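Below: a set of structures, written as structure tokens.
In what follows, chain A forms one complex with chain B and a second complex with chain C.
== the complex of A and B ==
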């Protein structure tokens, strides 16, 4: 390179080693190396390893042999796996609808001017920032059949007469898990949507109000369409997180009672780490991939479309 | 927005807001009250006459004392702080560099690299934890803090990069060009001109990354095995439960004390945190 051959340089001029960094491509390369190394080593490589693992019969300490798609045949005929798939879709679907509805409602409430607004907003995010396993323990304690404060509350409101065994019944356990997930997710939706709402000029709504639009019409024809891009991104993002959720179920029920509340991730953990059948565990985890892939594609296409506009 | 009589304001604003606050904050109140309630009161069935859920007249420090004297809670706090701080620092350096390169430099494949990093952002930890556990074992990192310090950046870097790209794009090109005309190298212009302008972004990325790594669970659960190596979320989950017996007092005290550091960090940087959160989804 011509620059590097210039041996005499002025005092204070950059040293030859740094001159290489004057080239945009070299600088970009140097800046990206640490990121690409870490992501390659701990995301791309494990992903490939996971696929290779899922077509063997490896266990902890046993490398295993190639068995083709036997693990996938096995899990698709496994009743617990099918329940987990069903549960994961129900869990993701129901919580997303509630998180969006409640989050949007809360965002609209927070978008008004009232005393203590900043304070309220800061407090509302607490469920989202506190370690999820720790707050889920508080819920587990609230759902405890014998000492449950919820039972006490429902009893004194006159809604129940006997005790409710929240986490002992498959359906109630599923409902309990869904409630905790909604509790954790609403602040994220509310704060993200609030940020979206704040970019919408209030003059639009005011103009519509002068033209005689009712509050519901103003929401439906002005706020909602303008908020849609943010809503889409938040929903897709949340769907990925919820679909792959682990912590809430792990703490609340551990997949029980009788394996009725497993999700993909908790069942993969139980098989792969709990019983040590790494290959089958990896196959269960990877079974999430097609759905996640689809959501990511939708998200990429959507972002591109918004950017083009 | 809501016009008309006073009752409307109550029905459409105060009551729903109060219910939201009750729903979102009650579990924390329950944590606090449980962690200072003596055992005799704690294990009183909900339908017994003297069940007094919302208050205690005999607050006790026993559970907190138990936590620090009988368990390794202090070590867990230290481990979590150490791991979260280092992985945040690594992710910030990587994210700032990568964000700068992707948003301000022209080089082949810049677009596809950006997309690739965005996709890794959407990869959930639960997709890869089993092969990753094997890899960690092969690298002989199992049961050391380094297993987490090196793997947490995989979900922090993409988000930091994404957020920083947004901040760097907003810095005018002329600012950097001026510095270059005055004799600064590209490297110096980046380090002394562009990065300082983006400090609010770095703070947002940092505080968000710190809370995420403090809260991480599944990697810590799978990669760490000895009690003295554990982080707070894993330690509380695995060491305060013996078989089917839950030590609810210490458990809630642990949950509370394990949440306070993030809550404090968060309270100092609420605005930055919110900027990070909303930036992380809007990109």
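== the complex of A and C ==
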């Protein structure tokens, strides 16, 4: 009784502040404010500022004037920019295929019962947890022409006779950063797909086995279609991340040798911050936007379709 | 044909001995039910027959061929799972057709068989739907359909009705029975529900702790339980038990404990001659107890105090305190009694069960 009584307030003594919040529209607004502030400050503002910069000729210390689409015209005629566009697509495409294949394979292995399962699952995540810059520095040493442990290994296995200049050759440098990205990204695929696999009842596979499906058929007809929604989300998320990747290339090659490994992000950084031509850097960054926008649209449409089903 | 023979079947999980030396001959066209509390090894035994679980020792054969090493798909069996295990991304038609497609049947033959099964089960209208658009009962039918289309030698059922509500369960039980009569395929059925076991099974296998307790026809289990466990497990409400000491007085045998003293009828007494001075467990089913009237004067009787009256309409269940123990009697709905009434109850003399106090085996 005592509890109930404290909740009744007297008719003569209204509580205006509380009453305002009892209106759902106001309450909704108040609850949204923190999110709006954060999104506005860290996403909307920089985005708009980037667009504004890209149509000026601003440099560090120079506010700049409106120049229309001149920056875009310039970068589309820039050979290095075109290389970095090509690189970004290759980098994203190749790494995603490998990350998906290896991640799926790992997820299927981890989905089995074995001793030390929990420990292994946690261990697998390590590449993903270590700060990228630190692990990439370690990789840089492994690819170092003089101190390379990879060269040492290949040499002692008798596979090579001279040193391989991993980061000094344009193609090998590209392959190197792709390897590092795959190494870093596989855990994310593996753990996400493992979570997806665990939602699939083992009874389905047993039913299919009794129905006469061989292991590969069980994967193809049962596991894969049921895992597809999770796979789609993971792949799209990874594509967005990889497309805008910066750290690995910046640390490993800095975009070299001879600008051969630049991606959108690293080239935008080099032009915008390195050389101080803010406007052109902004234009390069924005050139990524249409592709990412398309990916996001596909993702949203797909998620909605899955939800409707 | 579909004759299944289990010979000395054992299953070990590390140090746990889950199934112990099961021997069983299942005849062609027979409906055999494995029943027991959870963890008794009944599902494990079924899964070993299906090939989903390795056999630790012993041999399982179908129609004379040992199938221990055969993959599930090569055993010519079909299984219905507790959670249906329908493929959620496939239509009802594709769910039912999947097994035939995997076995490379002609398209026309697949179509024919699926339609046939759908007609039998009354799900012809649902073939284009996805499993999530179906009710529990409909899903159950699809799961059955998936098993039927294959025309296997043996059906395996793993608690197929336990996810349905009580009413639907009774309905599906009847349909399963009809289906079996119609198809005549050997069926092995696992359940923890003794009513399902009694109503469906041509023979029932009662299991406990991995050991087969008794194999028999339903009424055989009910009337002549091999031990106290079977006696208590089969029948609802469960059989009443009382620990009593056997003594002899004036040439007849008396069974008594702190609150109970009954003169044993001649046929029971004969079996207990060797147990004079020893403790045994007396068992009597609630339905074999009646309110003592003048006609029952020579029947063994005892007095009890009514603690709970459960009106079921067709019968009344009386929970009575008898000495230190509790007995349940199922009496005619016309009996007028209330809580705390003192009541004299008679036992049907021919329906008394006696079990060894130590081994729990029937005497």
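Structure notes:
Here is the rule we go by: the second predicted complex is superposed on the first by the 294 of 309 C-alpha atoms of A that agree within 3 Å, B and C clash if a C-alpha of one lies under 4 Å from a C-alpha of the other, contacts with A are read in each partner's own complex, and residues count from 1 in each chain.
Methods note: a residue touches a chain if its C-beta (ideal position, glycine included) is under 8 Å from a C-beta of that chain, and two chains touch if they have at least 3 such contacts.
In this text, all values refer to a predicted model and were calculated from it rather than measured experimentally.
Aligning the shared chain A places chain B and chain C next to each other free of steric conflict. Between chain B and chain C, it is B that contacts the larger number of residues in chain A. Once the two complexes are laid over each other on the shared chain, residue contacts for A:211 go to chain C alone; chain B is not touched. By the touch criterion defined above, A:176 reaches neither chain B nor chain C. Once the two complexes are overlaid on the shared chain, A:35 sits against chain B while remaining clear of chain C. Between the C-alpha centres of chain B and chain C, as viewed from that of chain A, the superposed structures give an angle of 80°, to the nearest 10. In the superposed model, A:201 lies in contact with chain C only, and not with chain B.
By the touch criterion defined above, A:88 reaches neither chain B nor chain C.
Closest C-alpha contact of chain B with chain C, superposed model: 9 Å. Shared interface residues of chain A, touching chain B in one complex and chain C in the other, do not exist. Of all residues in chain C, those touching chain A in their complex are 50-52, 71-73, 77-79, 81, 83, 85, 87-89, 98-99, 102-103, 146, 150. Those residues of chain B that touch chain A in the shared complex are 1-2, 13, 16-17, 20-21, 23-25, 27-28, 30-31, 34, 42-47, 51, 53, 90, 93-95, 97-98, 100-102, 105-108, 110, 113, 115, 117-120, 122-135, 150-151, 153-154, 157-158, 161, 185-187, 211, 214-215, 217-218, 222, 232-233, 236-237, 246, 248, 251-252, 254-255, 258-259, 262-263, 266-267, 270, 273-274, 277-278, 281-283.
The part of chain A that touches chain B in the complex is made up of residues 14, 18, 21-22, 24-25, 27-29, 31-32, 34-35, 38-39, 41-43, 45-47, 49-50, 53, 102, 105-106, 109, 112, 114, 118, 120-127, 129-135, 137-139, 141-142, 146-149, 151-153, 155, 163, 183, 186-188, 191-192, 195, 205, 215, 230, 233-234, 237, 240-241, 243-247, 250-251, 264-265, 268-269, 272-273, 278, 281-282, 285-286, 288-289, 292, 295-296, 299-300, 303.
Put simply, chain A touches chain C in their complex at residues 201, 203-204, 206-214, 217, 221-222, 225-226.
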